[in-house]
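Each structure below is given as structure tokens.
There are two complexes below, and they share chain A, which is joined by chain B in the first and by chain C in the second.
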Partner chain A sequence: MLYNKYLKMHLKSSLEYKANTIFLSMAQALIFIGEILGVWLLFLKFEAVGEWGFYDSLLMSGVVMTSFSLMECFARGYDEFPNLIKNGTLDRLLVRPVNIHYQLLGAKIEFSKFLRIILGITVSIIAIINMNINWNILKIIVLISMYLSGCIIIFGLMILCAGISIYTIENLEFTNIITNGSKELAYYPINIYKKWLTRIFTFIIPIACFNYLPLSFLLETGSIPLWLCGISPFLGMLFIIPCLIFFNFSLKKYQGTGT
Partner chain B sequence: MSKIIEFTNICKQFKIPEKKNGKWSFLSNFFKRKYKIIQALDNINFSINEGDIVGYIGPNGAGKSTTIKIMSGILTPTSGECIINGYIPWKSRKEYVKNIGVVFGQRSQLWWDVPVIDSFELLKDIYKISDEEYKETLNILNKALNLEELLSRPLRQLSLGQKMKCELAGSLLHKPKILFLDEPTIGLDAVTKLAVRDFVKYINKVWNTTIILTTHDMNDIEALTNKIILIGKGKILYNGSFDNIKHQYANEKIIQVEFTKPYENVYLDGYELISHEKNVATFKTLNNTEFHTKSFLNEISQKYDIVDFSINSLSVDEILARLYKEYKL
Partner chain C sequence: MKNINISIFKMQFKKELQYRAKAISGITTQFFWGIMYICLYTAFMSSELINGFTITQMAAYIWLGQAFFSLRYPGMHSNAGYEIEQGNVCYKFTRPINLYNQWYYEYLGEKLASALLRFLPIIIISILLPTNYGLSMPVNFSSFILFIVSLIIGCLLCVSISMFSIYFTFVTLSQKGTATIIVAISNLLGGSIIPIPLMPNSVQNVLNFLPFRYISDLPFRIYIGNIGITDGLIQIGISLFWLVTTILIGKILIKKALKKTVIQGG
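Our next item is the complex of A and B:
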């Protein structure tokens, strides 16, 4: 399969720079550990944030970190889309007889994110062990769907930002705010923020669909019907559709303007 | 011969935001943008036959790369029709690009850090080339370009010339019917340049590949192409054989004369004095007069004592510069 070849090539490339990959992984892991410490310190001071205790927030950090790092690893091509435009790689991809999304997924694979993926999973496991949840099969399905939904929504965000960069060309901090901002936001229950912010991050950028809502289902808390909380991760996945449509539309526009 | 590329009334406009300057201009720029419309291509018509090698030339910013990008399906034109190899490039992009190869002179399609052969293997998968065909094609390219020792080395270790050879091979692995070369000889040393030229000719001969190349190196044009298309300010100015153009300027000669001693006020009837420094003077034939060596020598030796002289035709670069000037580019 073509993707396997891409994978092998990227592995070979990053093995050429072993030290670089290792140091990058460690630096990024340290940042994550710092973020976890931040969460811990906050809960030292306030026992609970909204309906969540420390381990609930820890699980969320794990979910966010795992899915975020997974996508940064495998969908890096979208993350670096402005560069692909600038250095002409996009033109290169357009003269290949392969779907552009397939090529973008193969364009860059960032192995230095692996350590963070492992950390994310570790943190999740620690959190799950310490949480008081009556596990049943439905809850396990919802738990797994949180990771899936997280991946897909973050992927959607990256596609959206890549689409925006076609108009702006520059890698605007604005797109960073969307992706990284949503990430930080997701560490805590979404309903502690201002109402308009909660709404934006539920209905427009559906962060709540892999954060507050499914966790409410697991904890059986909150005022929103539990069944709705349970299927929310699946609803959130739909977010990727408009993102893809927007991206494809923008790419057509790129072919029209050639900016 | 059948036509493989047909451009009919292709126009391409770009909207470029006009920027105001001033302290708060970035804000007003953001909210109400004014656009300037630039006509990159203005009613371009041409056709290219299968098996042709065509030089697409013009000064910087004339619209060369825009045309190449339209031909390779990257850009859509504002209006007009274009049929290449039976496809409309930007409409059936995926189908169409199977049969073209593109080399952008200054950008690589190969991977920087892995051996070249690995990049080739990836291209093999991208173009779904069968094992047998791949082996055979690679063998041909290998022989023609002497790639053998280069293939096992990562691209970053290769010289510019070696890289270009690998680029060329990479863009031909799928035996495209049409090859676009965007400044393929830029920055190459003389030996590699010749090798690249020979290779392009060879490919054209053995596979009957139609080749379109843009270049600023007029020697490329002279050595390779049987047809040139000259474009300037988005319009086609000339479309035909290069020999024709050369013929137009064939009568123009530059004659340099060295005198035994410095003269003042050198002058010769029927010739234009271009430069005069101490004991060396350069003349040019006047428009539309034929040059006769004998009569020139007679006339000049009557007036001055000469040691040496040389007669030169316009170089291809000078011809092109002349053309640009004529068309006010």
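Our next item is the complex of A and C:
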């Protein structure tokens, strides 16, 4: 399969510079550790925020970091889409007889994100061990679906930003609010924020679907019906559909940036 | 000698001013991050009050941080890092100027220009926002003056700490990795990830002994009145000490690195 070839090629190329890849992944893991320490320090000072404690936030950080790093690793092509437009690589991809999404997924695979994925999973495990959850099959399914939903929603956001960059061409900083901003918000259960902000990130960008909604299902708390919380991760996955439609529509309008 | 350094600074400054679209997009970004952080910390602070740091002060702290974003964190002189990685730095060796000074002034120009392009719109918009969301006025005139003084020292300190990243690039030959590490450390210890007044007291005591919080935390807290005039003056003294120390160590390290550099091939 073509994707396997892509995968092998990227793995080989990152292993060429072994020391560099390791150093870089350690540096990036350090940023994540710093952010987690920030969350911890805040909870040392305040103990709780609303109904949530430190380990609830830690699980949220773990979920968002795992899914975000997974997507940064395997869907990097969308992240770097503005560069593909600027240096004309996109035109080259478009004339090939392979689906553009398939090529973008193979365009770049960053193995230096692996350490962050591992850290994200570790953090989640630490949180889950320290939380009081009465486990049953349904809850395990919801827990796994949180990660899946996180991946798909973040993937949707990356596709959305790539779509926007077809119009702006330049890799403008403000698209980073959409992806990185959502990520940063999701370090905490997002219903701690002001109502309007929570609503935006529930109904427009469905961060809540891998955040406090399934969390309240796991803990059996909150005022929202539990069945709705339980299926919310699956509802959130639908977010990728409008993103894909927008991207494909924009790509049809794409005229190239000249040579 | 002074003249060369000043013209280096001017050149880099003008170069940065070229990127206006980048600045506008940056301002929008900073604005949204500011709102987001204020919402986050308001959520924490409304559940429990802490002494001497109100929500209004917190909002001002966040806005100052967004306005002077580029002066907040030590980073990597982009050109120098690239040149060291690629080996082009050897051309610099042939020139009769002090490399440390050149990099210092270039990076200072880069930082100042990007701050000057961004800070005014953010300050104006954030002053117009309602209380508890917006930027409040400085507590009094003398603390405003002290704020300016400490901000200037903080900016110089930020650049002098950034110079270490050039040294570590000589050692590791990976500018991206080095820059990431320096930013990660200074963000946490300097109060960019969470404001230092929101950290536990024991942690705050430790951070007082490190240079990072004197970059931006000190000026911002003087502005909002969290640190008084006399305390402020003492701490400005400490930040001056750190400025001199970091420059001296930086100069020694860069000199050492330059001596050790081996240039292969041509």
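By our rule, the second predicted complex is superposed on the first by the 254 of 259 C-alpha atoms of A that agree within 3 Å, B and C clash if a C-alpha of one lies under 4 Å from a C-alpha of the other, contacts with A are read in each partner's own complex, and residues count from 1 in each chain.
FYI, a contact is a pair of C-beta atoms (placed from the backbone, for glycine too) under 8 Å apart; a residue touches a chain by one contact, two chains touch by 3 or more.
None of these values were measured; they are calculated from a predicted model.
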item	value
Which superposed partner A:E220 touches (first chain B, second chain C, both, neither)	neither
Which of chain B and chain C A:G256 touches, first, second, both or neither	first
Touching partner for A:S13 - first (chain B), second (chain C), both, neither	first
Touched partner set for A:L2, first chain B, second chain C, both or neither	first
Partner with the higher number of touched chain A residues, chain C or chain B	C
Partner chain(s) touched by A:Q28 [first = chain B, second = chain C, both, neither]	second
Touched partner set for A:R92, first chain B, second chain C, both or neither	first
Complex contact set, residues of chain C against chain A	21-22, 25-26, 28-29, 32-33, 36, 39-40, 42-45, 47-48, 50, 172, 174, 176-178, 180-181, 183-185, 187-188, 193-194, 198-200, 203
Residue ranges of chain A touching chain B (in the complex, touch as defined)	2, 5-6, 9, 12-13, 16-17, 87-89, 91-92, 94-99, 252, 255-258
Touch list for chain A against partner chain C, complex	20, 23-24, 26-28, 30-31, 33-35, 37-38, 41-42, 44-50, 170, 172-174, 176-177, 181, 184-185, 188, 192-194, 197
Partner chain A, residues of chain B touching it in the complex	14-15, 66, 69, 72-76, 78, 90, 93-95, 97-98, 100, 102, 104, 107, 109, 111-114, 118-119, 121-122, 125-127, 154
